[in-house]
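Order of writing sets the labels: A, B, C and D. Residues in every chain begin at 1.
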Amino acid sequence: MTLALSGEDVAAKLEPQFPGSIIESRGNNLLVKSESLFDLASFLKTAPGLDFDYLTSITAVDYYDYFEVVYHLTSIKHNHSLVVKTRCYGRDNPTVPSVVSLWRGADFQEREIYDLMGISFDGHPNLKRIFLWEGFQGHPLRKDYL
Amino acid sequence: MRFERYGIGVAKGMALTFKHLFRHPITTQYPEEKLTVSRRTRGNELVWDRGKCTGCATCAKSCPQGAIRIVTSVSTEENKYLVEKFEVDIGYCIFCGLCVESCPFDALFLSYDYERARYRRQELVMAKEGLLLSEKKQPSGYARPKVEATLPKQTLLLDRDKVKK
Amino acid sequence: MTIFNPSFSSVNHYSATLPPDWPGGFWLHWGVFVVIIFAFVMAMVMGFIYLERRGIGRFQVRLGPNRVGPFGVLQPVADAIKVLIKEDIVPAKGDKWVYWLAPVVAFVPALMIFAVVPFQDGALLADLNIGILYVVAISSVSVVGIFMAGWGSNNKYSLIGAMRAVAQVVSYEIPLVLSIIGVVLLTGALSMNKIVEAQTIPFILLQPLGFLIYFLAACAEINRTPFDLLEAESEIVAGFHVEYSGMKFALFYLTEYAEALAISAIITTLFLSGWRGPILPPFLWFLIKVFAVFCLIFWVRSTIPRLRIDQVMAFAWKCLLPLALINLFITGIQVIVWPEALPWAVVFLNLAIMAVLVVLWSKFFRLGGGRVEV
Amino acid sequence: MAIKTEPFVINIGPVHPSTHGVFRMRATLDGEVILDMEPVFGYLHRGIEKLAEGRTYTQNIPFTDRLDYLASMSNNLAYVMAVEKLAGISIPERAEYLRVIMAELQRIASHLIGVGAFLNDCGAFMTPFLYMFREREKILDLFEMVCGQRLTYNYMRIGGVSQDIPEEFLPALDKFVRQMPSFIDEYDQLLAENEILLARAKGVGILPKELAISISASGPVLRGSGVKWDIRKADPYSVYDRFQFDIPIGSTGDTYDRYWVRIQEMRQSVRIIKQAMEQLPPGEVLTEVPHSLHPPVGEVYGHIEAPRGELGFYLVSDNSIAPYRFHVRPPTLINLTALRDMMIGWKIADAVIIFGSIDICLAEVDR
């Protein structure tokens, strides 16, 4: 059984390293500031005992006020999982750091989110539309796109 | 890369295809030979029982594609809804069967037929006369166990394939 | 144009074989025989197409075409009619002349091979004393047509297919010829008719390795599986004829089967003792053997996957060519040292040599290739 | 004198026999060798994630059929399990077993297509493909018997399965399960030892273990690279913890290993079906679920081991009748991440079989 790590426990481990970067931890969720996401993710990937070597999925949700980007992390080594979330504000050019350099599996998923949700990923090597064509107006998965 | 197996692998494969030369072909020559479809087949078009329908429009609500259109009027002397319009746009229908499952009065069936190609798109919009249950329009047993019991057994390739193991 | 000169030796020979009471002169007979052979090739090709489609159908537990005519025998006719009435599309930016000429250049050599194929004793259009050399010379001209098609289509897929075709056919020509020389050594003649006459026992028994090499190389020559790289529908769609339609496509299709027929006929002549056989008339024996060889070709086609281009080339140069040379060497020794040896002893010896060589090559030969660092 | 050559660009697809749908690879070639490759998606994008936000939870089940149309049952299962997790619905025991049987039958059917198409890409002229279609046909017959359709099953419901199996189903399934192993042996005999297939597939398109994990590969692609990761074992859902089965893994991660893993998984699926048939309990197959389901506010990620990899559904509920967000984790889109790495330096012929060995379904990639 994949053990869903408790957000509080992980937050307690992370807090000394990244003070103030964790906004909230509830259940197996961890809500972090988008500025410190990349450092935190690289810590999660390499820290012994955590070893989140497998990025299961990335997705984004539009909550009108902000976009929430959700990372589902799994460790194949220890068979446990964690959900990391981050928020980005503004509808014109919301940006979060890209994690492609940590998990290459993020490549197409971040492009997909950029395409359909309009969130830019800072540091993505090839950030362009994936399903829709270049020049398409708008981002269909946003709630205000009709 | 080497040919480690001295051609034995190729020979084995060719022996297998040769064995298949003497097996019974599994082709069904369709227009002449017809297999019996499943008793629960979700065939083209819907079949509608006017007597049982109360015009509650549950089917229209449950349709993911919005392919069913119902217009009702209230009949005061009979104290019930009269179905004025019952239209199904088969062009939109994805034959998921959710309407049939959700019908509380067993008034809607999927059809047992599958040969329902049309030449024109407007012919795909079936009005209520075209949907009525009749001799020609057999209902299928999908979500209707009573109908299912009356239908013939499905032919299976498992039974037709004459390979003895 | 020496070949049309009636003083040419084969013509004299041919005239000599005519019964003296036949009406008409040489040219009349020549014309009649050409028409007969053309009709024969067309009929056989249709038979082949039907047989292959039905046969592969049965290999794949299907029925195959069975709608047109009794048992679907008219299916090739229906196919031909369908293809003829199709729109003839020429790529706008293609090389028009090359595009137009390519099917003809590919088809004519395939037909020309039948000039020297002996259908029964003496029944051949021209009993050239260099018969087999003529076959070798003519059969690889088709590849020019294929390259023209690939080039003229102005399509990258067809160009890749054409490049593959040239590389492949040129490479496989060498083991093909070397394996023929083994037979020629045994016979001492290049004439196809003489080769058949010399086969008291079929040469497939005296030359098992030669047969194997010839069969594989011939499959590559006529682009049959596992060497059908230039068509390779799963990689380069249809290769050189991807842009062809209508009549021109039909010609390519016809070429493919005419070449298969020609190769079957030559294998029959060289290794399966041609028209020789007991009880049945020689012509029938010839047909039976041709069909048997063709069945083997499409049986292979229905079973095994395709090689990659570098593997195909490696197979020709590293496997078939050395084997063909060794075969030639052994045959030469046998012809010189034991010209009158008991044939059956030689048969078993050669079979043993073939087994040893195949095992050795399977063990040590490497296909090479693989990933290229870029 | 050196011959001057220059690379050229060729579009493999969108209409190409070996792209298994409408996929485009924009390849830069030097002769036959691939120098660079860029995948182009989106020809089959239908916006299912957006469509699903406007439909109720139940109405979305037929849409999941249309994601990976070669594994509709698995998609149904993943989706209804996610919704059940979201709404806290428990389902009858019999329904769990029926779901497992269907999912495993679907895995066999899907792998048959995957392996058949892979061998077809290798150039085996349709024969293995048609042999495998024959067995798939038998599975489709069984599915048709149960749910009335042959491709878009729409069989699972929130709270169970739509209908109980008819009485002739179990005898037919039993017959199939007894036949199937010998057919798998036949596939092995046909090509598994074939020298040409070995020459074509062994050592080609190697996906190293570390890369496979890094690109979040899943399913046979990940296991072919030698990672023992199967969600049925790692995070057992439904009743998978009650069955005995092995996880076949490859050693080098080449195309042949992926092919081999698929063949072995079919054998394991047959094993699971046998056990599930023995343990199948009687009883109800569908719990009462309100017609308009309002799951509580929250979010859930449900995942299963679909034939092509980890299929996940991420659902966000705002207590209305429709999901607020409906996200699919498509296994094949993510498996394609390493396509470029696997292809570069190989030839066109290899590119086709590397692509075939990933076994994608474009309807799921593009959604």
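In the analysis below, a residue touches a chain if its C-beta (ideal position, glycine included) is under 8 Å from a C-beta of that chain, and two chains touch if they have at least 3 such contacts.
Predicted model, so just to flag it, every value in this text is computed and none were measured.
J.: Between subunit A and subunit C, how many steps is the shortest route if every step has to go to a touching chain?
T.: Step count on the best path from subunit A to subunit C: 2.
J.: How many angstrom between the C-alpha centroids of subunit D and subunit A?
T.: So the centroids are 25 Å from each other.
J.: Report, in whole Å, the distance between the mean C-alpha point of subunit C and the mean C-alpha point of subunit D.
T.: From the centre of subunit C to the centre of subunit D is 44 Å.
J.: Residues of subunit C that touch two or more other chains: which are they?
T.: 59-62, 302-304, 311, 367, 370
J.: Quick check: what residues of subunit A touch more than one other chain, meaning two or more?
T.: Residue numbers touching two or more other chains: none in subunit A.
J.: Which positions in subunit D touch two or more other chains at once?
T.: Within subunit D, residues 127, 131, 134, 190-191, 194, 196-197, 199, 203 contact more than one other chain.
J.: Edges wherever two chains touch, nodes for the chains themselves; is that graph a line, a ring, a star, complete, or other here?
T.: The chain contacts form none of line, ring, star or complete graph.
J.: Taking the top-of-page definition of touch, could you list the pairs of chains it picks out?
T.: A-D, B-C, B-D, C-D
J.: Which subunit C residues qualify as touching subunit D in the complex?
T.: 56, 59-62, 156-157, 160, 163, 225-226, 228-229, 232-237, 301-311, 367, 370-374
J.: Name, in rising order, each residue of subunit A that touches subunit D in their complex.
T.: 1-2, 53-57, 59, 61-62, 70, 72, 76, 79, 83, 103-109, 112, 116, 129-133, 140-141, 145
J.: What does subunit D use to touch subunit C in their complex?
T.: Subunit D reaches subunit C through residues 8, 10, 16-18, 30-35, 119-127, 130-131, 134, 190-191, 194, 196-197, 199-200, 203-204, 344-350, 352.
J.: Quick one: which bits of subunit B touch subunit D in the complex? Just the residue numbers, please.
T.: Residue positions touching the partner: 1, 3-5, 7-10, 12-13, 15-17, 20, 26, 37-42, 62-64, 94-98, 101-102, 110, 140, 142-143, 148, 153-154, 156-158, 161, 163, 165.
J.: Using the touch rule from the top, collect the residues of subunit C that touch subunit B in their complex.
T.: Touching subunit B from subunit C are residues 55, 57-63, 66, 299-300, 302-304, 311, 358-359, 361-370.
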